[in-house]
Each structure stands twice: as C-alpha cells, then as structure tokens.
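Each of the two complexes below includes chain A, the first together with chain B, the second together with chain C.
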Partner chain A sequence: MIGGMVVFVFAKAWPSFSHNGLHWFGPPAHGGSVDDQLAGIFNSPADPRRYEYTIGAWPLIWGTLLTTAGAVALGLTLALLSSIFIVEFAPPPVRRVMQPVIRLLAAVPSVVYGLIGILVLVPFVGNHLISQQRKESVVYVVQLSGSSLLVAVAILTVMIVPIMVAIMSDALRSVPRAWTEGSAALGVNRWRTVWTISVRAARPALIAATVLATARALGEAIMLSMVSGSTGFAPNPLDGLTFFLEPTRPLAATIVDNAEGLSVKPFGQTIYAFAAVLLVSTFLLSLAGWAAKQPLKRYGIAG
Partner chain B sequence: MAVATRREAAVETTASWRPLDRLALVACWSAGMLLCAIAAAIVIFMGYKGLQFLRPHLLWERPLADSDQSRSGGFLDPLIGTVALTALGTLIALPLGVATAVWLTEFGRPAPLARAVESGVEVIAGTPDIVLAIFGLVLFQQSFFGFLSFTAEGNAVFGRSFLTAGCMMALVALPFVVGGTREALQSIPRHVREASYALGKTKAATIRRVLLPASRPGIATGTVLGMGRIVGDTAIVVILLGATLQLQRVDGPPLIGDLRGTGSTLTSYVYNNSPAGEGNAPEKAYAAAFVLLVVVIGLNLVAGRIGSGRSAWKT
Partner chain C sequence: MRNRLAGACLATAAAAALAPAAAPARPVVAHAAAKPKITMSGSTSVAPLAAKLIKGYLKKYPRRASFTLAQGGSDVGVADIAAGRVSIGNSSRDAKPSDPGGLHWYKIARDAICLSTHSSNSLGNLSQPQVQDIFSGKIRNWKDVPGSGKSGPIDLIVRTAASGTQDAFQKLFMGDVKVSTTAAQKASNGLVKAAVSSDPNAIGYLSYAFTKGLHDVAYKGVACNLRTAKAGTYPGSRNFWMITRGTPRKRSAVAKFIRWVRHSKKARKIIASEWVPLR
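Coming up: the complex of A and B.
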C-alpha cells in the first residue's frame, strides 16, 4: 500500500524531475516567476513531444521552509512553556480547563482556521500593520495585501501547538517522581527542577513532538492556501521588516490552488512532483520521529 | 492527604527565586493563558458570527450558483455530503482498523510483517491529506477502478466520487481506529484471555466473545476521533470529491449512482465561499463553518465521554 503510493506518485512525477534535473530545486531561470512557469506548463502544446516542463520550484520550497520553520520555532517555545505550565504550575481548576482547551484547538478543522485568517487577520494586517509607505516601497516587486508570511506562521503555530502539547505534557508527567523530588530535596527551586530534570529527561519526547508537528505543518494545505497570499513569491529576508509581510505560497497550498489543472498532462505531472517532494519529506520525518522515540523506550518514560 | 500536601507545594513562595526563574514562571503562565485566550476567541467569534448568519432555512435549501446572496440557497447538499462521506469512510475504516489492531496485538506473526504494518500505519498518520488526495486521484483514475466513479468518453476515468473520496477518508481515520483498538486490547489483562482458554474456548472465540466486547469503548473512542478528522478534512474533498456545488449523480441504481457521483461537504463549502474560493460569500461561509465546528466539537465531546468511561480492568 505505502510502497504503491510512493511508486505511483513518483511514476507520475518523473517527467518533471527528469526534464529539469537539479534545476527543479533551483530558482526560476531568466528572472521569471514560478507562477509564469506554471502557466507556461499549463498552456503547453498538446503534442507530447513539445510538452513544457521547465520549472524552478525554489520559491515554493522556500515558502514551505519559511512557514514550517517559523511555526515550529514559535510553536516549540509556546508548547514547551504551556506544557510545563499544565503539568507543574497550573492550579487544579486551571488544569481542568486547559485539557479541553488543547483538545478544542486540535479539533478545529483547518478550513475554519483559514476562514478566520482570511476574514479577520488578513484584513487587519493589511489595513493596520502595513503602512501605505511600505506598500509603495515594494510595489514593483509584489503587492502587499495582508496575506502574508506573518499571518500564515501565526495561524500555523496555533494549529501545531496542541499536537506538541499533548505529547510533551504526557512525557513531562511520566518523569519519575523520585527524580524531581530528589532535586527539590536538594533545595533547588521548582522552576530549576522542572527545567534541569524533567525537561531534560523528556527531551526525546520533545524531539518526537517537534518532528510530528513539522510533518503536520509541511502538509497543511487548505489554511495556507487561504491566508498566505497564493503568489509564488519568495520572501526576501533582506527586505527587513517587510519580509514578514510579504506573501508566499508553500508546496502543499500550490497543489490545492492548482487542483483544477491536474488533467492537463504536463501540468499534472509537475503537481505530482510537488506531492512527491512532500511525501519524501514527511516520510523522512516519520523515520526521524521513530528514531527519536527509541531512547524513550529505554527509560520507559513514554509508550 | 496527598492532595493537601500538593496544595501546600503549589503555594511555595517565589520570593527566594532568582529574577530569571521568576520570569520563566511568568512566561509559563502567559503561554497557558494565551492558548486559553485563543481558544476562547475562536469559539466566541465563530459562535457570534454563526448565530448572526445562520438561518434555519439555510439547512434545508439546496445551494444554487447565484451571485445574489439572497438567492444562492443554503447548504443542504454539503450537509448530506458530509454525512455520506463520514459514514462511508467510517464504514471502511472501522472493520479494517479493528482487524489490523486485533491481528497486531493478538497474533503479530510473522514479526517483520507486523512491524511493517505498524510503521505503515504510522506513515499514513503522518502523510499530509493533500498527498493522500492526489495519490487517490492517480490510483482511482486507473481504468480498473472505473466502476467507482464516472467514466467519460474514450475510457478516461474521472476518479472523483463519493466512493473514491470515502476510500481515502478511510485512510485518514484508520490510524485513530487502530490506535484506539490497540490501546484497549493491550489494557486487557492476560488472565482474562487465559481464563477464556481454560474454559476451552478457541482463540477466535476468545477474540469475538471476550476481547472485542471488552475493548468496545476504546474502539468507539478511536472511531469517533477518526470521524472528527473526516468531517474536518478539506483537501481530499476539494480534489477527490470534485467539490461541486450540488450533488451530481451518475446513471445507475439509486444509491450506487449517487455514491458514484460527486458532491461537496461543509468544509469545501466553507472553502469555496471564503474569499479564497469562487463563491465569496462570507456570511454563508461563517454559517457553514459554525455548523461544522459544532459537529466537530460534538464528536470530540462524545469521544471524551466514551473515553473517560473505560475503567473496566482497573486492578
């Protein structure tokens, strides 16, 4: 089943990879945009020998990397702090509230997150955070409308935090009590105890949680296609603060946006190439997550 | 007693802490409060917008393509689509998942195959739904699977239908069903099985009469969680169900013809009516999203209720 999946997707994707070689992963040639290239592929002649395949998917990959890395970095901090809070510091009534809160955040469908993003956050950022001046400063390169890296990363963070909190709080809770009590008996205060004993003991679980969350963030398509601006533009860190307000479009969102074009053969094959890249990266992440869990089994800290 | 001592520990004064440690404590509190605030904001906002725009007639009017919002109808078809797709996905995932879990925990031989299946389920759980969707499309466009969907002229298989989407949705729900069932089976103590064998029951009879009834709450929890996932999934609907506004049936016997046709669900309805889709009718999107959220939260509450009730084997 799994093998079939990989074979099918790769068989479909092969022409796109073989035509471009390593340039597939590079920036679009001749200063064109990746959207123009996609349009070119979509409109390529019907003769199979003259199919157009040229694409440099770097802006899409860069968009994926940026949104994922941003969300995971933010999410890791937020999730670690809040799971410490839930396990160690929250008074029992607060703890009873936190459990359903986490479950609720995990259960909200991505399309609802996307809806809130596109109808509330995007206009807010577009109208209040981006000054006219800033819009004019990049008007020749890209339009700033509020659909931006910032909104995408913010919502993606909220989406992946519950997964991380669920795993992390389980791991923190199952750290043997004797270890933390021993530390407390030595006169170490509670924060230091948590930070130096519990968090360190649960480190493999933290890695596992991060890996899972990364996989989820990589594959998030609907929400990102709604809020990230849907232009194949690579945000440029050299732009300073504007960088966070520039639109982008990750691989998964590109697939959703272009689902209608799948029946055009070379276009479909290019889309399958995107899917293949995603599939391989999530597969590698599953492997990494499995490897990260191994030391846990030795301590018997988590199942 | 134990509670009392813990309560005392909780009020340990932080006066002696270093400033940095106190800062970290504040950060913990604010992270927790932030999550609560976000959740509350989502619920209150969606509830407010939903009640503002949800009209009863939306629930039983069929959607129509019209730019005038007063005449574009309600979302009866997406609602039926959600129910049908969830039922279909669950119907496929439930037997498959329970069988897999029983085989894994009770038999699990040959061991390499069991490990492969185990990691296979994990990979499926980690695969993005968009990749599953697009894989489903290649798979079901093979002429071999033509009976599942609509075949155009020249033998091109369309590949988009309730049946094909249901199959892929089953994969989305499968890891939850397998996980819930396995956990329940593993929590049944060994002596229960041995007592059954001692009474002369075969292994098959033990599984059917003893283990499965005992793990019913676990199976139910996993299934309901999986259903929640199916209800909330959008990518598979957009790509594999066609996300047509109305249910479009294909020629054939009544039920089969409908299932071979395309349709939409609440999620794709929300997507299409948001500014990102073609409809661009935020009021309708809010109303549908509210219904969707109520369904998903309801399913999760049910899962939590079932899950908390299982303590049959506390020793």
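Coming up: the complex of A and C.
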C-alpha cells in the first residue's frame, strides 16, 4: 500500500520535476517570489501545451529545514533533560503528576496548538516583541507581523517534546539496575552515573525518539500554516535578530494553504511535487536513523 | 484456528476491494423510501450562506432531502460538479471560458467584498488608485495614506492564489495591477479576520459576512454595507452561484431546492440577513 502511494505521488508529480529539472530545488529565477510563480502556475492557460510549470521551491525547502532543525534541536535538549529529571531526580509526588500530564500533552491535536498560536502568541510577538523600527527597516523586502519563525519553532517544540519525553523516560527506566547500582557502589555520583551509563545505554531509544519527533515536525501542516507566516520567504540568517522574526512557510503548510487549487492540472502536479519531496525526506530520515544505530551495534546495545 | 484467521483476513480484503465498486455513481438518488442526498462543495465564501439556507429549507421541508456541505474553494466546486462528484457546486466567481461545459449556473445572491482594517485605524475612504498603490506595495507606510491617523509599515493580508475571494478582489479592485509579493496569503476568510483583528497595522479584504468587529473602509466614496450592496452602488460586489450539471429534472430534489433558494420568501429573508438578495 505504501509502495502504491509513493508510486502514485511520484507519477502525479513527475511533470513538475521534468519541466524544471534541478532548478526546482533552487531559488525562484531572477529574484522573483515563489508565491508569484505559484500564482502563474494556477493561472495557466487552458491549453495543455502551454501549461506553466516554472517554480524554484528553495524558500519553502529552507523554511522546512529551519523549522524542523530548530524544533528538534531545542526539543532534544529539553526532552532529554526532562526525562532525566523525571526518571532520576524528581520526588515521587512530582513524578506522579508529570507522567500523565506529558501523555496528555502528546495527545492534543495540532489545530489546537495552531489556534493558541494565532490568538495569543502571534499578536504578542507582533505587537510587543517587534519594534516599529525593525518593521520599517525591512518593509521593502518582507512584512514582520508576528507570525514568524520564532513562534513556529516554539510551538513545534512544545508539540514534539512530549513524545520524546515518553520514549526517553521509558528507555532510561529500563537500564538494568545492576549497572547503575554498581556505578554507585564505585562512588560515582548520581548525575555522572546518569550521563555516562544510563544515557549511553539508552542511545538507540534516544535515536528512535528523535527520528519520530523529526518526522512529526516535518509533516506538521495545519499549525504551521496558521502561525509561521503565510509567505514563501526564505529567512536570511545574516539579518541578525530579525532572522527569527521573519515569516516563512514550510512545504506541508504550503500544501494545506494551496489545496483549493488542486483541480487546476499544473497546480495540482506542483502540489504533488511538494508531497513527493516530503516523502523522500521522511525516507532519508529513516535511513539516517538506521545509520546512526550502526556504530552502536559494536557495543551490543543496538535495538 | 489458523485457517479461520486466514479466512477472516480474506473476507475483509474481499469486502474492501468490492466496496468502492458498489459506491453510488449518481449523488442524488430519488428512492421512494429513502431521503435523497444532496451533496454540495465549493466556495468558502458561499459556505456560510449555503449552511443557513440548508437549515431553513430543512425546517420547512424536513423530509425532502438530506444535505452534505463541503468547501474547498470555487474552483473545487466547479470541478466537482463537472465530474459528477457532488449534486450542486457553489461558486463565488463568475463562469470563466476555461470552465467545463454542460453546466448550468444559477445566480442565488450577491456579496460585497469589504476592505477592512484594525478597529484602531480611522481610515475613511480609499479610491481605486490608492487601493492599487497600497496592495501592490507602492505605498508602504500608513503616514502616506491620508485619513488613517497612523504611522507605521502597512501589513497586507490577502488570500491564496486559488481563492474565489482573491479572484474577485483582483478583478473588482486591482484591475491589471499585481498584488505585492510581501503580502501574507491566508487560506480562508476566518484567518484573514484573525490576522487583521490582531495587528493594528493590517489591512485586508473580506466577504461582507466576516467583517464584524473590524473597521470597514469605504471604496470609491461608497461605504461597504448591506444597503449599498443591494442597491448596486457599492463597486466591490460579486455574484454567488449554485451550479448543476445540465438542467435537473423538474421534480428532482436538487431542482426543488434551487427553486426554493431563488424564489421563496424565507430564502430571501435568510440571504438578506448578511448578504444581498437578488430582488
């Protein structure tokens, strides 16, 4: 079934890739905008020989990379430290409260996070964190209105941390007690024991949790389409602090925003091309997870 | 035990394979015993009106039909009705020459597209050149727009390329001038309203039904309200259509519904609440 789905998506997406070649992955030609190119594709003349396909989807790919990498980096740190706290250092009453709360957070639908984003976080960032001078300094290139990379990464982190904490704390708890007790008997303190023994032993599970969280971050569409900015803009790291406040729109969010236009043939094929890129990146992600586990097989702990 | 499990799996697979083949080919079935189903899809701007009309129709004739209302945009509505996937397609844009043939377009109402800003903005009126300059990015600051009482960069909120509201805005307001690429493209009227109401520097366009709580800006000297849209004096108004494939048979559920929408007093009252009835 998965094979059928992949073949279907690639078959539908092929014309978009074949008309653009490798330029599909580059920036829009002549400093244009990817939204303009999408509008051009949507308004193609009705004659199949004159369908418009030109697109340079780099701003969308860059936006996807930024939001995913940012959320996973932040989320991995938070999740690892939280799960170490829950398993080793939390007093029993705190542990008893935290576990059901984490599971509840993992089950909240993404559209709820999106609503909290547009109703609370986006106005807060737009009206209180972005000054008038900052907005005016970039007004000819992009509009800074609160829905930005910052809000997108923040909410995405909150979405992926509960899954990672659940998996990591289970893994840390299943490290054999003989190992941790032996380490304590040798005089090693608790913090060092956790880092050098428990975390090292639980590495396959940490990798699995990270892969799962990255897959969720890659595919997140509804929440990101509401809070990440609604323009196909590639945030520029050279802008300094403004980089975090620039809008973007990852691939999955672009698919959701433009799904109305599926019935126009070249536009639908372009949207399938976005989906094909997402499928390939998920596949590459599983490959990376498998590759990360290979060195661990030497120590006999790979799952 | 294993044979029974294999048998159960085979039965499920066979049922799954045969189910799509048994799916109904025509969406509206006039059985003597069952209620006919009317499925609608299309414009997000027509959807609130369609929902209210369906409610009113079922209140008067509860046994005549059962309805399903989907959205997806005007182009989705046209494509769905041309392919026979729904019984009625909703559209907020007029027929294009590139639309499929064999469709009947029934006009059911008119709608006004209002320019809206945040409630703290005191802008009174915009002329067409001003609208074109603001939305194309020629004017980028509120201090260059007389009457707004604000200074600060203008935040443009528009709709995505595939939206019927965007299509109407381009034709009625912008003409040949392109909308700026820095504008934020939202996916629905509701999201545009959320963006404009939370950003004091924002300006956007919406269907008349979504403008409560925002500040409406007059266009070409004419205020955007129900009275001017009905009188036809508001220059930013457009038509709402219900589309069928061919002419529905006189006694079919679809024909009865469309006749009710276009001619009955109750439907006219429903349309008049937030949109513009035809008579």
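One rule holds in what follows: the second predicted complex is superposed on the first by the 285 of 303 C-alpha atoms of A that agree within 3 Å, B and C clash if a C-alpha of one lies under 4 Å from a C-alpha of the other, contacts with A are read in each partner's own complex, and residues count from 1 in each chain.
Please note the rule applied: a residue touches a chain if its C-beta (ideal position, glycine included) is under 8 Å from a C-beta of that chain, and two chains touch if they have at least 3 such contacts.
Remember, it's a predicted structure, so these values are computed and weren't measured experimentally.
On the shared subunit chain A, the superposed partners chain B and chain C overlap sterically. When the two structures are aligned on the shared chain, A:98 is found in touch with chain B, with no touch to chain C. Once the two complexes are laid over each other on the shared chain, residue contacts for A:150 go to neither chain B nor chain C.
Touch criterion met: A:90 reaches chain B, while chain C stays clear of it. Look at A:111: by the touch rule set out above, it reaches chain B but stays clear of chain C.
Of the two partner chains placed around the shared chain by superposition, neither chain B nor chain C is touched by A:166. Contacts of A:126 after superposition: chain C is touched, whereas chain B is not reached.
In the superposition on chain A, contact of A:282 is made with chain B only, not with chain C.
With both complexes placed on chain A, chain A has more residues touched by B than by the other of chain B and chain C. Contacts of A:262 after superposition on the shared chain: both chain B and chain C are touched. By the touch criterion defined above, A:221 lies against chain B but remains apart from chain C after alignment on the C-alpha atoms of chain A. The superposed model shows chain C running into chain B at a single listed stretch; among 9-17, 99-107, 153-161 or 189-197 it is 189-197.
Residue overlap on chain A between the chain B contacts of one complex and the chain C contacts of the other covers 118-119, 225-226, 230, 256, 259, 262. Against chain C, the residues of chain A that register as touching in their complex are 32-33, 35-36, 38-39, 42-43, 45-46, 118-119, 122-123, 126-127, 132, 135-136, 139-143, 145-147, 225-226, 229-231, 247, 256-264, 267. In the complex of the two chains, the chain A residues touching chain B come out as 1-2, 4-5, 8-9, 12, 77-78, 81-82, 84-86, 88-91, 94, 97-98, 100-105, 107-112, 114-116, 118-120, 158, 161, 165, 189-192, 195, 212, 215-216, 218-222, 225-226, 230, 252, 255-256, 259, 262, 271-272, 275, 278-279, 282-283, 285-286, 289-290.
On the chain B side of its complex with chain A, the touching residues are 9-10, 12, 14, 16-17, 21-22, 24-25, 27-32, 34-36, 38-39, 42-43, 45-46, 119-120, 122-124, 126-131, 134-135, 137-139, 228, 231-235, 238-239, 267, 270-271, 274-276, 282, 285-286, 289, 292-293, 296-297, 299-300, 304.
Residues of chain C touching chain A in their complex: 72-73, 75-76, 78-80, 97-98, 137, 140-141, 152-156, 160-163, 178, 181-187, 191, 194-195, 198-202.
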